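Each structure below is given as structure tokens.
Below, chain A partners chain B and then partners chain C, in two separate complexes.
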Partner chain A sequence: MSTFTTPTGFQMDNSGKRVVVDPVTRIEGHMRCEVNVDDDNIIRNAVSTGTMWRGLEVILKGRDPRDAWAFVQRICGVCTGTHALTSVRCVEDALGIQIPENANSIRNIMQLTLQVHDHLVHFYHLHALDWVNPVNALKADPKATSELQQMVAPNHPKSSPGYFRDIQNRLKKFVESGQLGPFKNGYWTNPAYLLPPEADLMAVTHYLEALDFQKEIMKIRTIFGGKDPHPNWMVGGVPCAINMNDDMAAGAPLNMVTLNQISSIIDQTRDFVKNVYIPDILAVGQFYKGWLYGGGLSGINVLAYGDIPDRANDYSPGNLMMPHGAIINGNLKEVHPVDLRNPDEIQEFVPHSWYQYPDEARGLHPWDGITEPKYELGPNTKGTRTNIQEIDEGAKYSWIKAPRWNGHAMEVGPLARYVVGYANGHEYITEQINFVLKTLDVPVSALFSTLGRTAARALEADWAGDQMRYFMDKLMANIKAGDISTANTDNWNPATWPQSVKGVGFSEAPRGALGHWIQIKDTKIDNYQCIVPTTWNGSPRDSQGGIGAFEASLMNTKVERKEEPVEILRTLHSFDPCLACSTHVMGEDGKELATVKVR
Partner chain B sequence: MIETFYDVMRRQGISRRSFVKFCSLTASALGLGPAVVPQIVHAMETKPRIPVLWLHGLECTCCSESFIRSAHPLAKDVVLSMISLDYDDTLMAAAGHQAEAIIEETIEKYDGNYILAVEGNPPLNEDGMFCIIGGKPFTEQLLHAAEHCKAIISWGSCASWGCVQAARPNPTQATPIHKVPGIPAKPIIKVPGCPPIAEVMTAVITYMLTFEQIPALDRQGRPKMFYSQRVHDKCYRRPHFDAGQFVESFDDEGARRGYCLYKMGCKGPTTYNACSTIRWNGGLSFPIQAGHPCIGCSEDGFWDKGSFYQHTTDTHQFGVEANADKVGLAAAGIVGGAIAAHAAVSALKSARKQGGDNQ
Partner chain C sequence: MTDTTSPKVLILGIGNLLWADEGFGVRAVETLQREYRFAGDVTLLDGGTQGIYLVQYIRDADILVVFDAVDYGLPGGTLKLIEGDEVPKFLGAKKVSLHQTGFQEVLALAEMMGDYPRELLLVGVQPVAIEDFGGSLRPEVKAQLPAALDAALDYLAQRGIRAQRREAPLPANVDAAGAIADMTLYENERPAEEQACRTGDARVLNSSDYQVEYRPADIDGVSVALDQHLDGYRERG
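What follows is the complex of A and B.
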């Protein structure tokens, strides 16, 4: 048994019953979570383990920096494109390449499209089943559901009693078939589900509507990038040339037809978010506003790099439309600037990660990062090396490293961005937050919760939809002004590059702050490092006893039934964990890996 | 094999009376007496949707993301009406041991009769602990589920070839499904691509359900219907290749006119996939149409074949056709037949002769 207090004030106690959740499902990638629950069913210790590792950065060593975006894009197919964007920014930073205004607008539209898509799919298809009980929806009165729908979203066309009756019948038939598919073995009798049957039916209906609709959103990226998931990008701009009024415009990537298609999808997307997603969040919020667990680090330490440059090539906070800054110790009155180049600010530690450093008391800035995998379990592990029953968090216990900002564990993501934006007086964000707090009749402190995280994501999708329109209009205005340039190829030829350079690129991925660091030597990648959102949120402990955002968020939560992890899933999902992102991280010296024994 | 036939017919507005009549007609068509009608009725009413276990190894989930973008059929209809997606850690409600129990239950109930879909691949280094599921190596879950399945679908380039984590130096020894030591001798359908096209994924499933057989495969185990032709063969920019009109630099005049991207490194001439025919996201576009060269993401080892922007030969414009044909001939040896389209009229017939075209 061990007890201690973390630097952020959490009292950890692992004496209660140990509950293991592995795999944590409805996330990207693989993770495990263990908690200790006391006699009153309160979580008193939480341990989150990243359970996969791919080693992408060592694979990048020696490759052409212009190819890097394609490799790192495969870090994640859910937040597809965000790594590619960050990568081309990082190479452009290293080589001093300026991109055209049109390329900036197109990249922003692609990134904002991802924000909306990712948030929407996350809420309906990965997260909703933590709040919504599809089996309970069978008890709903379709007429009452129709009234509820018309009340919460009068502009949504699909709201007749017959429509809901059809969906309910289809659901009924599905359940009666005895083959429950993805709903099998769910926790449908758990009292943690609080929605009335009509709200459940409405939400299940939107689960299906959103599944149909989400594919439309990504068509924007198929036009700009050729396919989705994993559209195409390029260093120096975007590959989709514009031809409005010259010979063979019909065969060009961007012409009047394809731009019209994009414009139309933007409108549909904004409608869907405003008429379906936002009302659903408010409805869920109304019934769950008494369940305000899960705040974790969100009211203490949050971090955002900022993104969506209004004008091309200016990555200073004043030109970024998404919030930038760090808040520590819950002091919302002071937002600190963040410098990704400063070797003392962002560092990664490994005392509890399956890697080794020569001196594990020290952290390393990504430009100087070392990674050498070292899989070993602590002495208090229950089970064996290849059959872990209970993990020993006193030792190394995760494939995720522990990044720290000035020594602090930080939460990143939509809620972190919204807290920073709120603290900074970001007009749009402040208005949105005040609207939600007023509608739900809850105090500002309610923001720092699982529900707050889920709501911030929806609000951000709404914001992102509006900015898609802004950049589409900006793109058209710029074309009208006579500028059809989409790429700067002055430095395309590696012969023009300096012998040795380094650069950094950053973005706000749907899940939070994302940074890539590169060193280029003799036209090849010498070192490539990523610190991704889930590395921050899913971070294991550090040598000061600091815990990451996942672990902090589970602390002191009451669970209804120890054997059914509804509350654990609900809170972990509110971060939208992406484990393939977090655990690929690989150090500068690939040679050491070659000694890994091959079986 | 789909949602029971009765359900499908009911969904299409056919009454129970007509359904029974249909069963009687079926019985007489099969030369069976009226006594067997109830049996047919029963079979059609109760035939279950085929269970699918969709496992995830080392991957990025782009295959699942692609799958849900399918326009025809909608992913919703595949999941609700065609298959029974009993295990898919990306979508399933259950977690932890409740999730793992489903695999055992499916094996017990449908031994030899479920489809195993695999996204990603297992790492063999570090005793497999670079990818842990339920405290154990993913390899164990994979082999266990494979042992009892009817057939395996290897989704995407990870499961089919290894993909990005298997690119040099493959630090985890990520291994494609058909090469995993101990993998049982089950039919394996490879659906490569990073990711595969959504409609290709759902078409593979619906083909199997509708015709109750696995699609015809080429020698590499890919469905011939989608992988027997190169992207180059039906590319809408192909006439510019034949005419010697190339993009020389991104955003140049040729790029704005939709000229051929061969010189920008396009791997269309060596890539077997349906991108230029089926296209992406409901037939909307494909990489070349959006101005970027094909990177060959459905080919084995595509990460390790040099830069994506380095074209396949250094030969200047007029030699291009001959060399591309050589590439085509070598590749055509694998599949055969597909070369006919490629040997069609070209502006550079004399060059072709040097390439040894006699197909």
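What follows is the complex of A and C.
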């Protein structure tokens, strides 16, 4: 048994029953979670393990830096574009390449599109089933569901009793055939589900509508990126030429027809978020606002790099439309600037990670980063090297490194961004947050919760939709003013590059702050390091006993049934974990159901 | 449905290019695109490891051809065709890679939306090696690319979908998509083993003991085993 207090004030106690969830399902990648619960079923110790080795950086050694984006976008199954964007920014920073305004607007539209798309897919298809019970939806009265729909979103056209009856019948047929498909493997009799059947039916219906809506939003990437789901990116700008006088046949993918198409999809996107996503979040919030677990580090230490530069090539906080800064020790009155180049600010530690450094008491800035695997288990491990029953968190226990900002474990992601934005007085964000708090009649502290994380993601999708419109208008105005430049190829030729340079690129991925650091030597990649959002959130412990955001978020949560960890999944899912790039894409065996063991 | 218009065809390659034979599906569709042109409504798609984002493409297709590395439990490099209802069972029945869970679910979602492809073909090859990060196709698997393409082309020809061989293959799209788009360049530029660790986590690579459990749900008094449709291929596994 061991007990200690973390620097952020969590009382850790691993004496209670151990519950193991492996793998954590409905996430990208492979993750394991172990908790100890006391006699009252309260989580008193939490251990999160990234169970896949990540080789993202090492395969880039010796390659052409202009190709790096194409490799990094293959790492992950969901956020391809954001890695590619961060990579081209990183190379441009190293080589001092300035991109044209049109390229900046187009990249921003693509990044914002990804934000909305990813947030929608995450909420409806990966996270909703932690709050919504599709089996319970079969008991709903379609007429009452129609009334509920008209009450929460009067502008949404699909709200007739017949419509909901149809969906319910389809669902019933699906369930009766034994093919619950995506709804299989749920804990559908667990008392942690609180929605009435009508709200469940409404949400399941929107699950299907969101699936349908995807087909529109992804066209934006196809048009700007030339193809989908792996659009083309380019160091120096964007690879799509603009030609307003010709049609597609001339090889210019951007013309009046395609630009109008994008404009119309942007309108549909904003409609969907405002009339479906936001009302659903408020409805879920209304029923679950008594369940405010899961805050973890969100009210204590949060970090955002910022993103969406208004003008091209200016990455200073004043020009970034997404919040930038760090908050520590819960002091919302002070937002600290973050410098990704400062060797003392962002460092990765490995005393509890399956990597080795020459001196593990020290952290390494990514420019000096080392990715050398070392798989060893602590003396208190139960099980074997290839079949761990209980991990020993006192030793190395994860394939994720432990990044720290000035020594602090930080939460990143939509909630972190929104907390920073709120603290900074970001006008749009403050208004949104105040609206939600007022509508749900909850205090500001309610923001620091699992529900707050889920709500922040929805609010951010709404914000992102509005900014898509802003950049589309900006792009059109610039084109009309005669500027059709989309790429700067002045420094394309490696002969123009210095012998040795380094650069950093950052973005706000849907899941949080993302940084890439590069060193280029003799025109080839000498070192490449990424710190991805799930590395911050899923971080293991450090030598000071600091715990990462996942572990902190599970602390002190009440679990209704130990063998059905709905609450654990709900909170972990609220981060939208993506272990594919924080570790790497390997090992899922197609049997996606979590094995839960209680010891 | 009447068949007066030509069917919509989706030829999809799935898998991760960075994991040796896991890249088979994507390499196959890439090669097909460079060597053939199609008449009619035919889409060739590099699906990578995208899961749910592919649903839309599947829903749009009348005929779906999938290239993938599939663990059939056969000798490495064996090519095997699966058709129709059997297809989803092989996409997720056994451990091969992350995306396959996703892809089985993608098919289930398409079915739930009422837009399941009318005809399905899986052109699968048994991988020789996957646990080789940054690696390329093994010779046995690479050698099956022409046969895999022929199998897909025959299947489509039987359904009236004709392909014409290009006089010269299109060049790899290296300018726009980087060295990864050219298998040879991808192989030649690979960092040496001592520079870049190539293996994965022993625990994950060896694990096959995640037990599938049943969670019967009570629906209006009727008990339903929620994932009983997986039974058929649990036995197979």
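Basically, the second predicted complex is superposed on the first by the 576 of 599 C-alpha atoms of A that agree within 3 Å, B and C clash if a C-alpha of one lies under 4 Å from a C-alpha of the other, contacts with A are read in each partner's own complex, and residues count from 1 in each chain.
In this section, a residue touches a chain if its C-beta (ideal position, glycine included) is under 8 Å from a C-beta of that chain, and two chains touch if they have at least 3 such contacts.
Just so we're clear, the structure is a prediction, and the values are computed from it rather than from any experiment.
In the three-chain model built by superposing on chain A, chain B clashes with chain C.
In the superposition on chain A, A:372 makes contact with chain C only, not with chain B. Contacts of A:175 after superposition on the shared chain: chain C is touched, whereas chain B is not. Once chain A of one complex is fitted onto chain A of the other, the partner contacts of A:186 extend to both chain B and chain C. With both structures placed on the common chain, the touch criterion links A:565 to chain B but leaves chain C unconnected. Taking chain B and chain C in turn and counting the residues of chain A each one touches, the greater count comes from B. In the overlay built on the shared chain, the residue A:237 is in contact with chain B alone; chain C does not reach it. Once chain A of one complex is fitted onto chain A of the other, the partner contacts of A:226 extend to both chain B and chain C.
When the two complexes are overlaid on their common chain A, residue A:125 makes contact with chain B and with chain C alike.
Residue contacts after overlaying the shared chain place A:135 against chain C, while chain B stays out of touching range. After overlaying the two complexes on the shared chain, residue contacts for A:218 are found with chain B and with chain C alike.
Superposing the two complexes on chain A places one of the chain B stretches 2-10, 200-208, 236-244 or 254-262 into chain C: stretch 200-208. The contact surfaces that chain B and chain C form on chain A in the two complexes overlap at residues 22-23, 28-30, 51-53, 55, 58-59, 63-64, 66-67, 70-71, 74-78, 80, 121, 125, 170, 174, 177, 179, 181-187, 208, 211-212, 214-215, 218, 226-227, 229-230, 232, 234, 239, 373, 375, 385-388, 399, 580, 584, 586, 590, 593.
Across the interface of their complex, chain A is touched by residues 16-19, 46-56, 59-60, 92-102, 104-105, 108-109, 111-114, 130-131, 133-134, 176-181, 189-191, 195-213, 215, 217-220, 224-229 of chain C. Interface residues of chain B, counted against chain A in their complex, comprise 3-4, 7, 48-49, 51, 56, 58-66, 68-71, 74-76, 79-80, 83-86, 88-102, 123-138, 163-165, 167-174, 194-195, 197-198, 236-237, 249-251, 255-258, 275, 280-282, 284-292, 295, 297, 303, 307-309. Contacts from chain A toward chain C in the complex involve residues 22-23, 28-30, 51-53, 55, 58-64, 66-71, 74-78, 80, 121, 125, 135, 138-139, 170, 174-189, 208, 211-212, 214-215, 218, 226-227, 229-230, 232, 234, 239, 354, 371-373, 375, 385-388, 399, 580, 584-593, 595.
Of all residues in chain A, only 20-30, 32, 51-56, 58-59, 63-64, 66-67, 70-71, 74-78, 80, 121, 125-126, 129, 170, 173-174, 177, 179, 181-187, 208, 211-212, 214-215, 218-219, 222-232, 234, 236-237, 239-243, 246-253, 373, 375, 383, 385-389, 399, 484-487, 489, 492, 564-565, 569, 580, 584, 586, 590, 593-594, 596-599 touch chain B in the complex they form.
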